[in-house]
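Sending over a structure as structure tokens; questions will come in a sec.
Think of it as A, B, C, D, E and F in the order they're written, each chain with its own count starting at 1.
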């Protein structure tokens, strides 16, 4: 699908970055016809993500490499689990190993972190959502990893949603004026979201017909009051330093979504290794 | 310098990713001639990195935006410090804000983490080095951030150094054969590094003339024995799960370098915000 | 702004297409230091669009060419009006002339056609909107031309709005199921639009909570009934072969928007010429 | 053939333009394994063009989609004719439908318009030719569509023919001087064409050895006189506002070619739809 | 001019090729604010070519570097001549030095070789022309160097001239059939050239109306006979292993052009060095 | 392998350069279903190089063309030898013929020249190495051709080795200071090479711990003295105008490597032709 175009360009650039003018160790040391096989294995438990990306890294280098997933993106597995098997010509496998692991570890790290936060609000009906605080160049993949961890996606980019913040409001001359301007100029197909910091601003946004209201840096008490006031007339989103908050308490205010930049900007790679089989003689 | 070509392509792609078909909120809501100014401020203390990247994001969007650094990459500053000032047309500043912060926060996060590890081994003479476990597409910047944090760079890619690992050795038929093959085929201008796991392998590598010996997953006792045996005849590098080790203890074995993937693959963004001035009337 | 990146790539490709390995006539025949000046003039009345694009074509070829707009995009002018003046080195001006005119004539043609349709529904409150039936590669510019003609933009691409059509409904197992699936998987920030062909489908879409209802190929009577039934609970859009309909009659049904592919796929270029001044001796 | 490289880049860019970060409707609503089939059908009669382009759009998205042409580019068919059948996974087909139709409709529109003009001069021996007034980015395809409609191609770009116009003549100091300059500097493999507006200029061009003489904005009487004077010593081309002239009258002057910008810059899309089969149960 | 787009892409790619992830020597060893100056000097006499390319290499790296040509492309100068001066920041100058010299030396080598062959036929009226046997990626520059050496350009690519060779003739069923096919399908704006090997083929080509006749691998006697027979009714081109022939003897047959692949495929670089000034203290 | 990404981009660009908007001769004259076959034949003896590149040119144009190598890169063959056979559709073969030959002839020319120089020093143990004086855009291929001729590669680019020259030394304040700076800032994985011109500088470089010492423009006597002094403590490289020296005499000084720019910047193409079979009837 579309991923194909996007992924191929991303992987081609990343391979050029990692290979430079070529994998000099492998081409000097490993006989060209050496065959190897091995397993991608979790060294810590977590949610797996990025199998198709890893696969494409290898088939990009050598279409004859067989990369066989043993699970699906989004699966939660324990340490020690084999997530994929690989076999084929050593040259391509050794040259692609690092890049494939770099993708797998980062995307699985995001999926694992997301799942952990989603589980904190389980049963409340509140969604965990990402932001635009993603790694430059990797947004589509990182937002995919959030979905694989059970999270929801917020805007993909500045064109697919109107989000009116403090500075927009000031420049437009108030919340109502800003929403009015957006309604008159932005495509009718987009929702209009407004960031507010007080109950008075919530009322202003509601009156002006906002589709989504972002409750920014509010205490749980204030947030609860805002949610009650809105009463379903707009979607509600809790935002602002959420990775230092008790998410369950926030969810209990009744907000529809909690969004966190830390889902993608502060993540530990999930530890995954590629272990090769000993050659049989 | 070369960064110019590399940076411009990277930033152009990242802007396309973040802007999509355009910043619909700003273009709908903010009058085109609105001028704003503000400060990039550290919300937590850390080592700043990425000022030139942030600057280029804005001048790419609008050459008339003034982005004025108030410190240098590599400076350690406290929470609350202003690291740069910005002023100009609101359109470009609001459209570039997120991407500039995404770069600044990630690179400063890496520099800050590096500095913290470097300080753990201060005075031992041991260097902290990165690996190829970087974010796909961002390697040059991330390795720059490691240097700004006081760390050293290992190989940039598979072409600028020979690093013979387990699988290469097995395919070549032994450490000596692998080193011999590399010496006969790789450019003479490259050093040859070999990964070893035992004293016997250290001896084999030394005898075969390795330039660098990577001591992989060794206990501190074994490592100390290896370093003594090598006795300056090759550079030594400690590697393997180092982010869960006591780095000072490792450094005290006398190794020349400790390399850690976690420097770049498991990093928290440094919290930086862009605060705008209230317009004066 | 973002246009800069997009425009530059577009113009670079179009210049390569038109110049091939170079403008052999001009380089062979015109002395390199020849200076010329001239005026871009409307040969028929219409709405001007594309001045910044034309300007960029010339400054791309030679930064010293002066292209001075004498009006703004969106202005309606009579035949004979001068819309821009140009002066500078003949080499760049003659090499860029055709491409600049190709852009200006097409974009002004779209703006002129849009304005003509907008004027047909003047006073009804109904908006005229475009579709995704644009020329491959030129969507951002063509949608800009629609705005300059007084029209509104529908979706920019398949990612910035959910539009559920016949086949999606059939694959999902009904309107309600399709809307439910979209709400559970698509970002919360996107509106959900559904294409319907009967009053029964209108009701189904309303009940399922559609944000926009596209009334496809309905007679004006049926459309009026649908609009009354919806009664402001969703935006309404008239679609399907609209360029052969009496738009005023359609608008009088009370629909919010009428969308037409012909705004961009069946357009006559606005006739514009570049007339050069006789050299003064 | 070469089209492969050109087409793939064109289609990749157009898909990115239309898909943005992905077809959110299809991926949310349509189960991934849904299979569909359908027919591309003419809603108005015309000359079909662009089948291979449409096919490539789909195989680009999913190599397993079967797109089977039922006619050839250049065929004239009546309304209701099926021009191609398609079957495969719904995801790729629904995501590529719009772009494939955008190409097919525009190229078939050009071929149909060309054929209509060619038929107006049938039997006169005069050729209908295009110009460089094509859509930026689509020249190779649009000129192909002209051929499929029975027209002939003029220059592809500024490098593959010398065409000396008014301004070149003025800068060179006369027709003879301009032709002399071109003969001395341009490759010998290129023909030299000169634009003239009077009998005196025709004589000057002939004497200087022009290969092609473009009779610009001449009345039919004047044109006839010019053609007689030239008498086969150069090719003749009628140009200038030709879409408002009686082409048969122009052809009867004996000119070799009539060139029209309107062949490509003022075209209505040919109405083509993709109708899907009802799933069989 | 167009060169700008073409040159910038070419230079960007060549700089990436030569810089890799950066000029590690200069950045490690040379203090960032070091200023240097020097002269590009011919170590052997020859025709200079490529000054603008060399200049662009440096301004690409650092817009503040001053590269001042002391002669023009096409000038013939003796050994020891200074062709350009340079001054500015050492970082950019040292990083760009090699690439600038690689361009200058190759292009000047081509111009020098061309001039030497042109001088062999001086006074005969015969032109020396290049072929498509150029270095992949450098054709526009190499053909420019041929012009700077006094040579003429043959086709730039397969689209800007018809050249019917042995295999085309065989596939078409004879010379007359091939020319007829080309006249009916190729743009009227292109000349038709035919490769012939005998007097009988010359007659066939003439009768069919060829614009240019390539006399391939003919003895001087046969060539002279062919030229007499053609008698100005077509341009004549001598081709085939011409770098091992006495060019003056070939020119004396009266052919219009002699074309040689060796002009571009077998060239010695002109020896040029960049000598730096000693710093003044 | 990585070559795949690099080669495809290189070949795509070179095909666009050579095809322009298409091979007008072949498409006009040769019936689309014509099949042909032929042989690539050496017209002079030499070392063959570039078979995979030539093959990729053809399969890029038409995956069904069969290009069958009859030898391997690096083989030395006599004039008249068939190095590859080709068969398939005439369209793709005729369109790709020139580019395939341009690559084959240049790369085989380099391999042949390299082999000739290597044979001059046979038995001495001295290696022949290339430099960065390669054709812009073709470095990876040209350095591959050097290896196929039996030569060794020096640095691929400015990032994979430290080479301290005259200007670096002057800017750093001496050889020792320059080496010290490199050791403190460049990656530990890179060797440090220093260019020296006298015995005093050799000593300085040795004392400072240089890994490689480049003996620049030294007489054979001086070089012999330097090699004895160094006595294996560093690699030695003879450089500077080496193509005008007696290489065997230089090798007899005991240097490890002799590097020559002329290996890649002053090369005659190896004469190779593609001869087609007569069609059988």
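We adopt the following convention: a contact is a pair of C-beta atoms (placed from the backbone, for glycine too) under 8 Å apart; a residue touches a chain by one contact, two chains touch by 3 or more.
The model shown is predicted, which means the values in this text are computed figures rather than measured ones.
Any chain that touches subunit D and also touches subunit F is listed here: A, B, C, E.
In terms of C-beta pairs in contact, the better-connected of the chain pairs B-C and B-F is B-F. Comparing the CA-atom centres of all chains against that of subunit C, the greatest distance is found for F.
Averaged Cα coordinates give subunit A a centre that lies 44 Å from the centre of subunit F. Centre to centre, using the average C-alpha position, subunit C and subunit F are separated by 52 Å. Centre-to-centre spacing of subunit D and subunit E amounts to 33 Å, using the average Cα coordinate of each chain.
Between the CA-based centres of subunit E and subunit F the separation comes to 22 Å, rounded to the whole angstrom.
The set of subunit C residues that touch two or more partner chains comprises 19-23, 27, 95, 139-140, 156-157, 159-161, 163, 187, 190. If each chain is drawn as a node and touching chains are joined, the picture has every node linked to every other.
Across the interface of their complex, subunit F is touched by residues 20-21 of subunit C. For subunit F in complex with subunit B, the residues that touch the partner chain are 127, 129, 152-156, 159-161, 163, 187-191, 193, 211-212, 235, 256-257. Only residues 1-6, 139-140, 143, 156-157, 159-160 of subunit C touch subunit B when the two sit together in their complex.
Within the complex formed with subunit A, the residues of subunit D that make contact are 12, 15-16, 19-23, 27, 60-62, 91-92, 95.
By the touch criterion given at the top, residues 10, 13-14, 17-31, 34, 36, 90, 94-95, 98-99, 101-103, 105-106, 109, 132-140, 156-168, 170-172, 178, 181-182, 184-187, 190, 261-262, 265-269, 276, 278-279 of subunit B touch subunit A in their complex.
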